[in-house]
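Each of the next two complexes has subunit A plus one more chain, namely subunit B in the first and subunit C in the second.
Take a look at the complex of A and B:
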């Protein structure tokens, strides 16, 4: 664990992500204004010392909204990825471990989800279920779990053939024991890498859906819906779109960067394990 | 104790165009309690396959394995569980027998945990005793597999195999990956453990010297068949293959004398499986060869006297 922190890429992304999470959690304390507070006298003010990021078309402080928006985006990102990870890893490990018809069924299921472009699938589901945060999250889960199912299945196929799995079975371990005690811990690194990159992707997709009007209610501060609201005023008040856009970009990049760094660090660790005097 | 009858294993590989490979064909074997049986033969002759079938890690294509009179082959996993601790395999590659993410101590304790019915204190006392038995000290216990040397790791694997008080230990080239000096050490240790615990030991090896030193009885395998079986095989080899094997070791650097090539054998050739390489073959060798009893020995060659 300590070795991972030696990776510069990881440090940098952790600092950014730490800042974002801090901002999201303490938005109530940190934000200079109340996000519901409309100040119709000061509409579309450019950035100034009173309003660092300016104000929007209803006179709300953009810095405040961006801070509360981080809350919504990060919540969606973590929640969607956690649920997808749980579903995907469970199904993927079962498919890889048991193989046969179970594998066939689960993989055909993931394939059919993957057959649609992910944004199209999410759009179709939200269009069907109706607008709202929960429905948007359901739609994103429907897209995201397949990634985890595939990664988990692939790694499980590899771990399944290892001597320690056979040895453990051979002293009487049940299949579920082997899956929990040996398979899961040994496939967790690629899964975590995918999770980190996945959070970034989900945040981006959520912003996309909100931008298109399928996500959260326009009154709740969320980066995607802020972009949508700012669209009309882009030529006169570009800061309405600039700051939420910047935050989305930074967050997505930081998660991707973190995932990449994690991959490099873990790859290196695996290499070291292999190099370290194994015959 | 362990008895195998007419074991045969055919591997099928390939999806569309299937290739069949007979790795073991018709092996009979009996191991008595406390006895050491060495199995020797060149690479690819089916030693590991035979070992896996003996410990039920591989379902034989045909043939049966009995343990104290109970038929193990075809038994379902639930019933087989009772016998698992009794027969343990130490595989060719100690590398992946223990989980790289577990401390070796935890790996050795695993069989106790899986079997259940042991308290924490009992388990740790037992594990400590096992580590001592295989010559590892307390400092090795909390380490991870990659923090041990190959020889130390192999001892961990042996300790783990001993946890459930096995009656039969099958060592598949348990030392071939190790340094020569360590090899001798581990072999001696295995022998000591065997004597102390009265185990049956199947010792699979390339190393004829080691086979000779440890075993009560030797089986020589060639192309999936036993070609010679008995005591003092290397003092008085009767089968031409056994002699060739011994020569190969002795004159490793000299040119090996091969007989003239007889061309491809006809399809369905049922004669001696060693026919192509045998320096002593005659026309009569095209007849199929059975294991014959020749002066307290089993030999698969009509010429042996």
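Take a look at the complex of A and C:
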């Protein structure tokens, strides 16, 4: 643990992520304006001392909206990855531990979900379920769980051959005891790395879906839907798109940078292991 | 041995193909509302009961779910994905034409990606653990973190609005390079970042191998060692990354084609969703999934064939 905190890359990304989470939680106190406040006299104002990031087509302050927008984006990222992790790790550990027909079924199911390019699957599910944040999150979970299932299964197969696991089973420990006490703690590192990269990817995909108009609706401040609203005015008021996009990039970069640093710090063996996300 | 492996892998495809066809088809049933009513509803909100019934019968929507699925599946196997609700055109032809346009753009994007990724990946590996390596790796992380829709607009603002070098969007006849440069660059830079990381780690791996020491020991110049021996071998795992990049490019096509008005499969899916053309959405999604599955299948085979020592089941 102390080793991890010595890593400069991890420290730097944690500071940035901490700042973003702080901004999201305290948006109500920190933001200079009310995000619902329309000021039709001051529409599409370029950045100035009154409005650091300018104003949008309804005269709302962009800085304020970007701060509130962090709430939606971070919430979607954490929630989707938590649920996907729970589903994926459960299925992956069961498949890896028991093997046989259970493994076959779970892995063919995973392969089937992986066969769809993620954006098409997420888009199709969101589109058919209907637009909106909850449906978008369901669609993203349908895409994201496979990553954790594969990583968990691979790591479980690895742990299963270790002496202490075999010894534990030999002295009569139950399967569930072995899975919880021995397998889970040993697969946690790759799962955590994938979770960090996964949050970044999910935020990016969610912003993409909202940008296309299928995710979060424009009434809620969210970075992707802000970009969607700014599209119409991109040549006359580029700041409408510039700042929300910049925040998406910073956030995703921080999660990726954190995951990358974690990979280096947690395990030397994993240094050259390329764990790729789904999006 | 190798043949057995290939046959086993091919057999794995069958349940997956059946399952993805079922998933694509079921999508329509998770949608709230009756597609026939949605299609026949006039802009004022009302619909004619007789017209809805006629639409149902014309598109087989009056039959039970499993009959509809089996009919659709039987057609899909021979390349008949049904007819569009909107244009009444065969879905398969429309999807195929759109896919050809996506392919044109993807090939250009792939070239751009390789041109960026190979030199940076090699330099990063050779300068392993130096500032240069750190900078290259950071750029790669940066590349995968940029939202492609944002990058697209920033490039349009710079190259079309400010500099007037390139058209902001458009399709032309589908062959003019001026319309392709911006979208292909947006798609290509993202994949370049993914590829660069892969080339770097694969190059690092190869540089530690015995035959590199042998080549050096023979007194060959470092340049020849790197190009002839290291890079050639390091590019083998990169075949798999091209498979990965196809996924990346297809995913990117949804947003990028929509922004640039490129008549590819991503644009087709978005348009079909907006116009409730469910047959077209089902067909496009299934088509893309099958193509993606087959590309990954062949990439896997080539990878195993090129690496005789790796004869393992890549799922385990």
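Methods note: the second predicted complex is superposed on the first by the 267 of 279 C-alpha atoms of A that agree within 3 Å, B and C clash if a C-alpha of one lies under 4 Å from a C-alpha of the other, contacts with A are read in each partner's own complex, and residues count from 1 in each chain.
To be clear about the criterion, a residue touches a chain if its C-beta (ideal position, glycine included) is under 8 Å from a C-beta of that chain, and two chains touch if they have at least 3 such contacts.
In this text the structure is predicted, and so the values were computed from the model without any measurement.
Ranked by how many residues of subunit A each touches, subunit B and subunit C are led by C. Using the contact criterion defined above for the overlaid structures, shared-chain residue A:118 touches subunit C, although it does not reach subunit B. After overlaying the two complexes on the shared chain, residue contacts for A:238 are found with subunit C alone; subunit B is out of touch. After overlaying the two complexes on the shared chain, residue contacts for A:211 are found with subunit C alone; subunit B is out of touch. Shared-chain residue A:264: touches no atom of subunit B or subunit C. In the overlay built on the shared chain, the residue A:168 is in contact with subunit B alone; subunit C does not reach it.
Residues 276, 279 of subunit A lie in contact with subunit B in one complex and with subunit C in the other. Subunit C makes touch with subunit A in their complex at residues 12, 15-16, 19-20, 23-24, 27-28, 30-32, 137-138, 141-142, 144-150, 153-154, 156-157, 161, 194, 197-198, 201, 204-205, 244, 247, 250-252, 254-255, 258, 266, 269-270, 273, 278, 281, 284-285, 288-290, 292-293, 315-316. Only residues 162-164, 166-168, 170-173, 177, 182, 185-186, 273, 276-279 of subunit A touch subunit B when the two sit together in their complex. The touching residues of subunit B, when paired with subunit A in their complex, are 55, 57, 81, 84-85, 88-89, 91, 93, 95-101, 107, 110-111, 114-115, 146-147, 149-150, 160, 163-164, 177-178. Touching subunit C in their complex are the following residues of subunit A: 107-109, 111-112, 115-121, 123-125, 127-130, 154, 157, 200, 204, 207-208, 211-212, 214, 227, 231, 234-235, 238, 241-242, 245, 248-249, 252-253, 256-257, 260, 272, 274, 276, 279.
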